[in-house]
Amino acid sequence: MIYFDEISLATQGFSDIMDITDEVEKVLKKSGISEGLVTISVPGSTAGVTTIEFEPGLVKDLKEALERIAPANAGSYSHDRTWGDGNGFSHIRAALIGASKSFPVKAKKMMLGTWQQIVLIDFDNRHRRRKVTVQVLGE
Amino acid sequence: MIYFDEISLATQGFSDIMDITDEVEKVLKKSGISEGLVTISVPGSTAGVTTIEFEPGLVKDLKEALERIAPANAGSYSHDRTWGDGNGFSHIRAALIGASKSFPVKAKKMMLGTWQQIVLIDFDNRHRRRKVTVQVLGE
Amino acid sequence: MIYFDEISLATQGFSDIMDITDEVEKVLKKSGISEGLVTISVPGSTAGVTTIEFEPGLVKDLKEALERIAPANAGSYSHDRTWGDGNGFSHIRAALIGASKSFPVKAKKMMLGTWQQIVLIDFDNRHRRRKVTVQVLGE
């Protein structure tokens, strides 16, 4: 069985980190699938999906880490010199984190830790509307 | 068909890198599945799964790279200032590497290179017991 | 249903970034599968798969970001001191980016953004022939 749904989100951009665990769990429940694989994926080249303990300190720490890894310094990106949209850093961060993650489902639950939340990160340099795809494959 | 199993591991923490390829292959064999997808996933927010050539030099190199990317410097993490558990760096490394990886299975074998091993990395700042989920989906 | 195919590529190494979206779409079409999951995976420990807007500026930017994250400085890697093949940086970059990515398929299309291409990155320090595995699981 294959079940699809989308989560619609308004984001602030600039590595806005949003906890989507509850929404993913709702999709899983609606799917009726008890054993399988859930894939969370964001179409687009300036956003990503990962997991983290969603608490304000770590949200700040992850933004700072991303700033060290791919600084938001427009002048230093060829993408920005060519296209002038100033979001070269957003694309690089997205390529590093990845746009999609998959987790096993057992007894109607995703195999995640208690303090492990699924997050969408919007790396873009402006407000965006995002649609996150949630797919459940199983039985 | 969907098959589940768990691998139990004692780790040292501090980006302890453990080769779990043989254990994953044992689960795949037990599953009897010859074509499909194997997903290796670690519940928790301070561990990750990836692949690397598992040899002592690269194990050391990867630890050093992680130290450059997210230094184990307690004072610099909001998480540590708030919660005092000193493992902010562990959470950040885990969010960057990811908690789950999936690989195709064909003719009862995972499509991995000869020098490519599946590793669990425990980023936490203490000894841990980990349970890695191995799920095989296929026929 | 499970469908397999391989994409053969000649790469230049040194973080050569190659757009394989069209080839993956061809495999998806041949599979006849309209709903499911496509997994793109490269066997080997010095290559990776991710997504990015494939334009010359970002290709350059991503190479520069990888050089900051894991510099191609042979002297600083234990792997290179032990084995002398000078590609320690290649292995580290591959372990960070990951060798495999999965994307949902709906109505015969991968759920990717318009400017989001699937790329193989060959991190090795020489020309290589690569075989990328494309697996489609679904119905």
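Each chain gets a letter, A, B and C, in the order it is written, and its residues are counted from 1.
Just so we're on the same page, a contact is a pair of C-beta atoms (placed from the backbone, for glycine too) under 8 Å apart; a residue touches a chain by one contact, two chains touch by 3 or more.
A quick note: this is a predicted structure, and the numbers were derived from the prediction, not measured.
Trainee: Cα superposition of subunit A onto subunit C: how big is the rotation, rounded to the nearest 5°?
Mentor: Here the rotation carrying subunit A onto subunit C measures out at 120 degrees.
Trainee: At the subunit B/subunit C interface, shared numbers over all numbers used: above half (same) or below half (different)?
Mentor: different
Trainee: Roughly how many whole angstrom separate the Cα centroids of subunit B and subunit C?
Mentor: Computed value for the inter-centroid distance: 20 Å.
Trainee: At least two other chains touched by the same residue of subunit A: list those residues.
Mentor: Subunit A, residues with two or more chain partners: 37, 69, 96, 98, 102, 137.
Trainee: Could you pull out which subunit B residues touch subunit C in their complex?
Mentor: 35-37, 50-53, 55-58, 60-62, 65, 68-69, 96-98, 101-104, 106, 111-113, 115-117, 137-139
Trainee: Quick check: in the complex, which residue numbers of subunit A touch subunit C?
Mentor: Listed in rising order, the residues of subunit A that touch subunit C are 2, 4, 37, 39, 41, 43-45, 69-70, 77-83, 88, 91-92, 94-96, 98-100, 102, 133, 135, 137.
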